[in-house]
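Before I ask anything, here is the structure I am working with.
Here the chain labels run A, B, C, D, E and F in written order, and each chain numbers its own residues starting at 1.
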Amino acid sequence: MKVTVFRKEHFNAAHRLHNPAWSDEKNLEVFGKCNNYNYHGHNYDLIVEVTGEVNPETGYVIDMKVLSDLIREHVTDKFDHKNLNLDTEEFKEVIPSAENIAIVIHQLLRKHIDPLQELHITLYETERNFVRYPAR
Amino acid sequence: MKVTVFRKEHFNAAHRLHNPAWSDEKNLEVFGKCNNYNYHGHNYDLIVEVTGEVNPETGYVIDMKVLSDLIREHVTDKFDHKNLNLDTEEFKEVIPSAENIAIVIHQLLRKHIDPLQELHITLYETERNFVRYPAR
Amino acid sequence: MKVTVFRKEHFNAAHRLHNPAWSDEKNLEVFGKCNNYNYHGHNYDLIVEVTGEVNPETGYVIDMKVLSDLIREHVTDKFDHKNLNLDTEEFKEVIPSAENIAIVIHQLLRKHIDPLQELHITLYETERNFVRYPAR
Amino acid sequence: MKVTVFRKEHFNAAHRLHNPAWSDEKNLEVFGKCNNYNYHGHNYDLIVEVTGEVNPETGYVIDMKVLSDLIREHVTDKFDHKNLNLDTEEFKEVIPSAENIAIVIHQLLRKHIDPLQELHITLYETERNFVRYPAR
Amino acid sequence: MKVTVFRKEHFNAAHRLHNPAWSDEKNLEVFGKCNNYNYHGHNYDLIVEVTGEVNPETGYVIDMKVLSDLIREHVTDKFDHKNLNLDTEEFKEVIPSAENIAIVIHQLLRKHIDPLQELHITLYETERNFVRYPAR
Amino acid sequence: MKVTVFRKEHFNAAHRLHNPAWSDEKNLEVFGKCNNYNYHGHNYDLIVEVTGEVNPETGYVIDMKVLSDLIREHVTDKFDHKNLNLDTEEFKEVIPSAENIAIVIHQLLRKHIDPLQELHITLYETERNFVRYPAR
């Protein structure tokens, strides 16, 4: 009797897509306006999914207050109102594409969630562009 | 050639999270403000998913009008503008957490959907807290 | 050069529409399912608007953090996860219709906002039913 | 390390549900107001999902600009501001139910997406009625 | 103590923008793809606003159930799942632009609302194109 | 018979709130995390409102395609995927608060809209923080 629970949070950050192994021309050609030298930014909406058995004593898979606090401590306090490229350890050598941000958030949270429970991350970069990791 | 169809409905209800096997102190500690003695409430958004083959004569998996009527008859007429703890049989002895409400709605609808079709329930307690049953 | 700034917050509460001066029959006739004896509930979305001159030193009409804290202290801490009829002073003798809740919220906040600034309240009882006070 | 990326687009179209093998009476009985002789219409929201490995050089599963252009060229330029029954080849002999439109869009895009990547289509006919193909 | 109450409804319809006094060339030039010969369509979201005094006995400006029934009877039953140009009297000689639809809906409802109350109509043709009548 | 028409657009940008006349300490105290040295960012949603008479030949207040093109040319091409503080002339000496961005957008568009028509700007910095200029 497994249920998936979803918690939605958000953070606002600046970023720039740039591969330092490439020339400026190639970066501009591949990343277009996302390569803007002085950064641009987004309101990121983040949905964290935890899948597991329902605890019969509480009716909960995981206490949403606990999940929300974990997300704040390990993710949004790190990334909110930051420049992902300059202000975070995680994206010093990783391109902060939506795909990579979702993978990094999964790594940051995985160790804090019960190993018997599955964890999935959905990240909205805009209303029209979003990603999910791991893919089902 | 299986397609999943989704129908969104909603209902407004009062509820309280409380485990009668526990002391008041433990209930407050575990459920926090969701344990408020005089209840609180939500606008629940409900998404019912039916997965099956497309009928070549209609282009439908299931007639959305039929699905909508089933949800109204078996779910929302029961729960809408009610106190889940006091006014419903289903939550007399079951804690009305979002997880348990989704499981109960699945039980209420399962017998009315073609056994060859899969049924999934997503329930939004708020925009930021929601659950899905069964987990994929 | 007046600008209006809007801050959206929310709270979840139970309520019941009931006029004690009327018979049960008349209450049921007028308020329908909103008169349910054991209450029902809503996720209330609240938008607070403040209109005034922009401070040239900050670019702000009012600091959104300050406005958000005022709303939390004077409104949502009072009403969130409560039964409006039973748990609040404000609705002991006032019917907690959306209209009246908006008027009460305006009264609670008015004294904390600069008298040179205008204050308007929009309250969503559901996505499809909402009210604004004062009317323009 | 597979990630799913989602791109949301939209188009506005007229359509009519009608099975030419049936009498007018049976069509009206089965399709109800969706059978209206002179058509009706919708704002269709379309979400295209591509699942695959992340390219380590770009951090992308697929460039969202490329995906958006593919959707425009092969789907929305065909269907936007059109009458699906009269103005398109695809629905000359296929009933334009949401289920069938999703299957057709999958066929139109499948050949333009890397065969190692999975493709799923979600189509919103209204906010409350939507479909996904293939079902998971 | 005037409050504005808002009720959101919707309908789905086909339409075509075409001025019969003009040549086909001029129609195409002015209306572009909205001039498509075989019509296209929209999910129209409609918000009806009524502004007036709060009735102290009910806490209501107007009973939302009554308002919703008025909108159904006089507006959405007429326009839902219809071709506005062909199936309605109102747009036989009026171009069904969003502006004109809002004006027509105002005319249809005005006589059924208390003359002491103000009435405003907001009509969403898409999420990104909408109109309000009368302008404030 | 004045109608207001609304067109919604969006852009993504980085910014930083900082008053160069103040010390770093005062900037941090007043602007908090919005003062982050390396910028942060937002998905800005922009709603442009034009109020005027309906042209009886077209049923339009203003052609939405024309309005959309004006916004793209004069606003979003300037600001999208940019750092407002570093990449734009407009915010070289103006703090890019939501209030000031709305005022600047009004100035950029005002000269391109018919002087007989009114122009209002609503700018969403996030879903929960937004501003409107001029105030009504």
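As a working rule, a residue touches a chain if its C-beta (ideal position, glycine included) is under 8 Å from a C-beta of that chain, and two chains touch if they have at least 3 such contacts.
Quick caveat, the model's predicted, so the values are computed rather than measured.
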| item | value |
| --- | --- |
| Angle of rotation relating subunit E to subunit F [CA atoms, steps of 5 degrees] | 120 |
| Centroid-based (C-alpha) most distant chain relative to subunit D | C |
| Between subunit F and subunit C, distance of the C-alpha-averaged centres to the nearest whole Å | 28 |
| Intercentroid distance (Cα basis), subunit D paired with subunit C, Å | 41 |
| Numbers and ranges of subunit B residues touching at least 2 other chains | 127, 136 |
| Chain pairs that touch, as defined at the top of this document | A-B, A-D, A-F, B-C, B-D, C-E, C-F, D-E, E-F |
| Subunit A residues within the subunit B interface of the complex | 1-9, 51, 54, 57-61, 63-65, 118, 136 |
| Touching residues (chain side subunit B, partner subunit C) in the complex | 10, 12-15, 33-34, 36, 38-43, 80-83, 86-87, 126-127 |
| Footprint of subunit F on subunit E - complex, ascending | 17, 19, 21, 30-32, 94-100, 102-103, 127-136 |
